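Each chain carries a letter (A, B, C, D, E and F) given by its place in the written order, and its residues are counted from 1.
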Amino acid sequence: MLNALFVMAAIGLVLGAVLGWAKAHYRVEGDPLVDKIDAILPQTQCGQCGFPGCRPYAEAIAKGEADINRCPPGGEAGIKQLAELLGVDPKPLGEGLVSKPKSVAIIDENTCIGCTLCIQACPVDAIVGASKQLHVIVADRCTGCELCVAPCPVDCISMRIVPERLDSWKWRYPVFPIRPVAATLPAKGAS
Amino acid sequence: MDHYLYILIGTVFVNNIVMAKILGLCPFMGVSRKLEAAIGMSAATTFVLTLGAGLSYLVDHYLLGPDLTYLRTLSFIVVIASIVGFTEMFIKKTSPVLFRVLGIYLPLITTNCAVLGIPLLNVQEQHDFVESLLYGLGGALGFSLVLVLFAALRERLEAADVPKPFQGVSIAMVTASLMSLAFMGFSGLIK
Amino acid sequence: MNGTARVLHAFPGGIHPDEHKTESCERPIVGAPLYERYVVPLRQHFGNPARPVVKVGDTVLRGQRIGAADGHISAAVHAPTSGQVTAIGPRPVAHPSGLPDLCMEISADGRDASIAITPIDWRDLAPGELAAKLAEMGLVGLGGAIFPSHVKLEPAAGGIHTLILNGAECEPWITCDDRLMRERANEMLRGAAIMRHALGARHLLLGIEDNKPQAVAAVAEAASALGLPMEVVMVPTRYPSGGGKQLIQLLTGLEVPSGKLSTDIGIQVFNVATAYSLYRAVELGEPLLTRIVTVTGQVRAPGNFEIRLGTPIEQLIRLAGGALPDSRGWLVGGPMMGFELSDTVAPVSKGVNCLIATSDRLFPPRPAALPCIRCGQCALACPVGLQPFEMYVHARAKNFDKARRYQLFDCIECGCCSHVCPSHIPLVDYYRYAKSEIHAQERSKRASDEARQRHDFQAFRLEREKQEKAARLHKAAAGRPPATADDPEAARKQAILDAAIERAKAAKQGVNPRNVEHLTPAQQQQVAEIEARRQHAATEQDT
Amino acid sequence: MIGSPYVLSANNSVRLTMTKVMAALLPGTLAHAWLFGPGIWVSLLLCGLLAIGFEALALLWRGYALKPFLSDGSVLLTAWLFALSVPTLAPLWLYAIGLLFAVVVAKHLYGGLGQNPFNPAMVGYAVLIISFPTYMTQWPAPVQLANHAPGLGEAFNLVLGGGGITPDAYTTATPLDTLKTLTRAGKDIHSTYAQPIFGWIGGKGGETVAMLYLLGGLGLMASRVITWHIPAAFLTAVALTAGGLHLLDPARHAGPLFHLFSGGVMLGAFFIATDPVSACATPRGKLIFAGLAGFITVIIRVFGGFPDGVAFSVLIMNVAAPLIDAYTQPRVYGHAGGKEPSQ
Amino acid sequence: MKTILRESLSASTGLTLFAAVSATLLAGIYWLTRPTIELTERQEKLRLIAQTLPAGSFDNDLVRSARPLPLDPRLGLKRSGQFYPASRAGDTVAVVLEAAAPDGYAGEIRLLVGIGIDGRVTGVRVTQHRETPGLGDYIEIGKSGWIHQFEGKSLTAPAAAAWQVKKDGGAFDSMAGATITPRAVVKAVKKALDYFAAHRDTLLSPPSTGSVKEMKHVR
Amino acid sequence: MSAETREIILNGLWKQNPGVVQILGMCPLLAISNSVVNALSLGLATTLVMTLANVSVSLIRNLIPPPIRIPAYIIIIATLVTVVDLLMHAYLLALYVVLGIFIPLIVVNCIVLARVEAFASKRGALHAALDGLMMGLGLTLVLATLGALREIFGKGTLLSGIDLALGPAAKAFVIHVIPDYQGLLLAILPPGAFLGLGLIIAGRNWLTQRRASRAV
């Protein structure tokens, strides 16, 4: 009985010392994972993931509080990269989320009243203009987050899909005549 | 000498800790999605397992003796946790590079049941100190071998058209099954 | 038939598809009449598209530059004949995507009047100066890569010891280089001599497949006539011996390091037709206006045609007697590396070296693909030593990182692997798909990095503004007489006053355009244009 | 839309590849029928039918078209190799279980043709020898030794009757089995060789069949369906390992020639280890793959729990194949050393 | 440095406390269960040993009269074992030897071999083995009656050469497909008989000193 | 039944089933499941430990200083496991021998620690107990299914070895599902364990996927 107590106490003492020492010796500083995740996210800052921007979403993923399939602008490719980074299986985009083709916002030049509301809404400073003057959206800065659409009091902002051009054209996924189209998608008869 | 060789071959191939003894599955399934991770995990486990086998023997033999056998489980797990904690600290101090590679795997080892299983098996088999140490090393090498092979195999599986219900863990299990079928080929080589 | 013997260093793999050269190589090169309408694409080369330098309605002369090179890696384009620019806009072009691209339409006036052309006295020019003069000539590689030639003629850092003329013409249907070498070897070699001079190359080699004995003879004869020290080396007929890297390996045994250029190992490769057009540009002063195109397959009169760039392809087809009834469609380029033409109104551009009318007999429909059985035939055929099936498996599963680890970007898209695959998998399509996806990902990564920076900057700016405001309020408060503490009423008044001043300041500041600090000239221009339109609209509204 | 190249080499298809392999198997199979009785045709036929049946079911379940996959010939080849590996005239249910594992578990759970990491036929074999060791050691005796070899009709009855062949006049322990039993019982190798089942260099009958497999395999090499790497490395490793052991203790261990020409070594070297889907694909990888497989084969034969080690050694190396491939990528044009794509 | 020390200290004390509490708890439970554990183990052992002897052939407490065996290759044990003399009315009638077959399919097979004073096997039981379930485990009494065939056999009947499985030309049955296991058991029983023959007198003689303390059960 | 209770039960048995969804603690699951009786016994032992561990941790969760949280949990679990071990040794010797080192191995069964850490350390004792029980039962369910599968395919019986748990009289409960069965030995060997679990997981996937596609 006493032996038992003695042995366990000794072991506990040693373990406690080791752990306490270890704990104090390296507190975790920063989380490089968040940066890595954030680097994959498209920085559209649209909030569709349910977080107020890409970085908060990245932090949530790093903490294990959010799934990796919540970002529609990132799409399948983004999910795949996240899965690869985190060592989990990729999964389809979360329920109720759809990946839209890339588009940019356009301000109707004749309607804009220069209220600056859209400027304040734009997370990436893509809108140029001063108050009471017409505002202009710089197309290649615009991430297509649509955040400026709602605030506009005269509904002059619309989204336009970026058309495919010769220099942004991509080779298509080759279509196999007899097999299901997408490789990672399962056989059609599986369910 | 032969005897020691047989212990090694036996634990690595014939009675492989994962394939034949079915221990250590959590890391086997969890850390086999990427080859690099598998290699890191293997190295970390090998270290802890070997050390754990030796230290547990000492604790069992010199601290517990025949009268305190009921403290075996408790003391072994405490010993292992201390080794993990200590290793973590030690590596962090001496080789930050190694720490970056192994760091994230070390804490996972505490819940690898092979790490406790091997010391317990050592007791069951009445191994002496050197045998215990070799048994630990062999078990760890066996674990590392199959983990790394499995990881490479899984990387290939990622691209296969696995039927939908089988995708993910299920096909990994089937693969583990066929792997252990293959490893049965070693059965009978050494008792 | 007297090519020099040289120790050849065979490249691995390669294939020997059925040859169909005789159909088109027996007839001399045929010229083309003047047509009424030409469509000149502004993007006929690798690099930035040319910038238009004429407006709709302008009259132009043959050889007049209508598009200027935009940046260093770009090439000028020229009017193929005299006439009027009738439109500048998107038109169908010969491109695998089938997408339209910016073109200039010129309606010929029939005079075919030329600008004044003056030969360049290249012998007195320093190498670099020649390249600069050529930049305006619109010369691009005619061997398929359409890379601006003046860039390739600039002196390389480490110097060039060997200039290789690529006369391999390994594509099984194309014969335009063959005919060119047979008929215009002299001019071609004079072009090569200029190249050698420009590059300062010691050795001049011409690699040519051994299925073109007449061309070999013609070149050898011309070389001795010119007294040009060079080697004409016959290489075994094995596709893709004409690939630049493969030809270098064949002739010299050297390999171009991955991700580097051949100039890094002191070698430069030019297609023979490029050499010929260089001759015309330098010795005659004529920019690149025509090229020789092989028209073959299911056409009545296959052959080679010297045709003005910008000629609608349908005219070219007519020139070859038109398609036979059972023809199915058109291939641009050879069957190994070419692509299907989506519209025959597209013009001949600098990259169009061959046009093949297809039919089910000549090009049987591709059998249905089966899964890869990892048989390794493709790896045996790959001239680069890749493991094509591994790249395929990962490209198919969209694991682009993994595909890349198998050196996807060393693939030259030669098609040998697809050719031999027993499962009939369109392997190269997967590589092209993966490569363009990776490029797109890199583009969007750049875009998102920029977006992140701007977002972070915005956060920083907002924070700073908040602090400045707070600081100002604070300062204002501190600047007041020390009585503040015991005179709350005064303090309140002062605060109200401060706030009002602040508001006024902010309002004034608001008139200054925001977010204009880091705009590129192009963006500024975009903004300016819109502003101008708005001004215009506003004045119209007023009146 | 599918792009270039628009010309594919003629007379080249999976079916043709598989047909060539089957053609190369034919001489050996004919000799088998000649030397061990026509029962093999019955096994082949039934295994073929069962395999096609399972394949069709699996394809239907997965929603794939039947025709292209059933006609690719791979499942027939699997069935053929399976039939050659399991004892002729075993009960039908045994074949069915083996092929179920081969075709459905080992092949279709992984997505079917071309994606299985393990050799399907060998998975079928391994499942059977582990589950039903008794049945798996009942081989028909060579016609020369048996007082009676079952004819076709009788063979059908045996297999379909469910009982399969039973230990009686038709069957005998194979040479490898005999060797193992007698060596374990401490008998000298020469007295073992004196057993009637032993022939000139291998087992009676078996050696001739092995020789014809060798011939067929060489033909396969000549027609470029397989490269030399795997057979050469496999056979060399078997010969070296067996030779080394023989030198150490000539009284206990059979010589290299015996090992080469008995059991499944020839079939394994040319037809089984070469299964492109589950073997290594890089040249160096193939050498390592087959070399280790040959080594393990002899080790299992001599020290292990199974009479022959070909199936298990191939399966074991199948496990290692992706890793080996990853570390033996050939040098690519323009790269300095061989690159490891996994890094 | 201070904080490190303090943290280590607090963690140590905390854990020590925990360990101490659980050790106490365990010691208590151990103390409570020990009698039962020892009893059931004894009973189990007795039951097994008794099975190797004809029912009613003895009247002594087998477990209590256990005596140590020296380490001898013929017994195949890695550590020295015990033997249990059985006596009726004070006369030794048989002994039960602990033995092991080291060359089973998957490792050691632990045996109890009962041998009558006439040198005949009274019974054999397998106490521990790792043979393949469903294949090699027919040597267990719970799986088949195979083990009964040793009863009544002696070194002379069958002849020494026939102490083999039938497949190797001996007298003992084996199941096809699993002859390694029975081979090992047959060999081990034969060796135990050899040992008995060599040490008959010491084994059968009454204990010189008091009975050996019971072996601890080792898991 | 409150929604929370129902959620806990559903999580343990189906949604977050440790055996087929979380894929934690599989070693004992696979190693011991070659018969229903073994599987059930170990499953119940694990359930007992999980429940007790959850309760104990939940009760003293405010007493444990955070830095030594995990080690303390491990000590608690190890203690409980040893208690179960001792009890089985005393009262169920035969079963104890069969289950062997897998009883002490419950300590490292990740699922126990996972539940303690994720659930019990944050919730009240009652819910914690329920969670431990349900998670344990979920595991036991999978274990038993797997055991049944393997036993039927491997031996053609069910409940063989029940006498180990309930005494020799229980031998009569053994069901010979397929009389004269050859026995697919593979099923009771390690490959059968992996394959069986793979099939069960696939089966569950199939059910959920079918439900999902029906719902659409």
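We adopt the following convention: a residue touches a chain if its C-beta (ideal position, glycine included) is under 8 Å from a C-beta of that chain, and two chains touch if they have at least 3 such contacts.
As the structure is a prediction and not an experimental result, all values here were calculated from the model.
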Chain separated most widely from subunit A, comparing mean CA positions: E
Which of B-F and D-E has more C-beta contact pairs: B-F
Centroid distance [mean C-alpha coordinates] between subunit F and subunit A, Å: 38
Interchain centroid distance [CA atoms averaged], subunit C/subunit F, Å: 64
Touching two or more other chains - residue numbers and ranges from subunit D: 1-3, 61-62, 68, 105, 111-112, 115, 127, 130, 132, 305, 325, 342-343
For subunit B, residues contacting two or more additional chains: 70-71, 74, 78, 81, 124, 155-156, 159, 161-168, 171, 174, 178, 181, 184, 187-188
For subunit E, residues that touch 2 or more chains besides their own: 7, 10-11, 14-15, 18-19, 22-23, 26-27, 29-30, 105, 135, 180, 219
Complex interface listing, subunit D residues touching subunit F: 97, 105, 127, 130-132
Subunit E contact footprint on subunit D (complex, rising order): 132-134, 136-137, 167, 181, 184-185, 305
Interfacial residue positions of subunit E with respect to subunit B in the complex: 19, 22-23, 26-27, 29-30, 78-79, 102-108, 180, 216, 218-219
Subunit D partner contacts - residues on subunit E that touch it in the complex: 105, 135, 164, 167-169, 175-180, 183
In the complex, subunit C residues that touch subunit A: 43, 95-97, 99, 101, 368-369, 371, 396-399, 401, 426, 429-430, 432-433, 435-437, 439-441, 443-444, 447-452, 454-455, 457-458, 507, 510-516, 519, 523, 526-527, 530-531, 533-534, 537
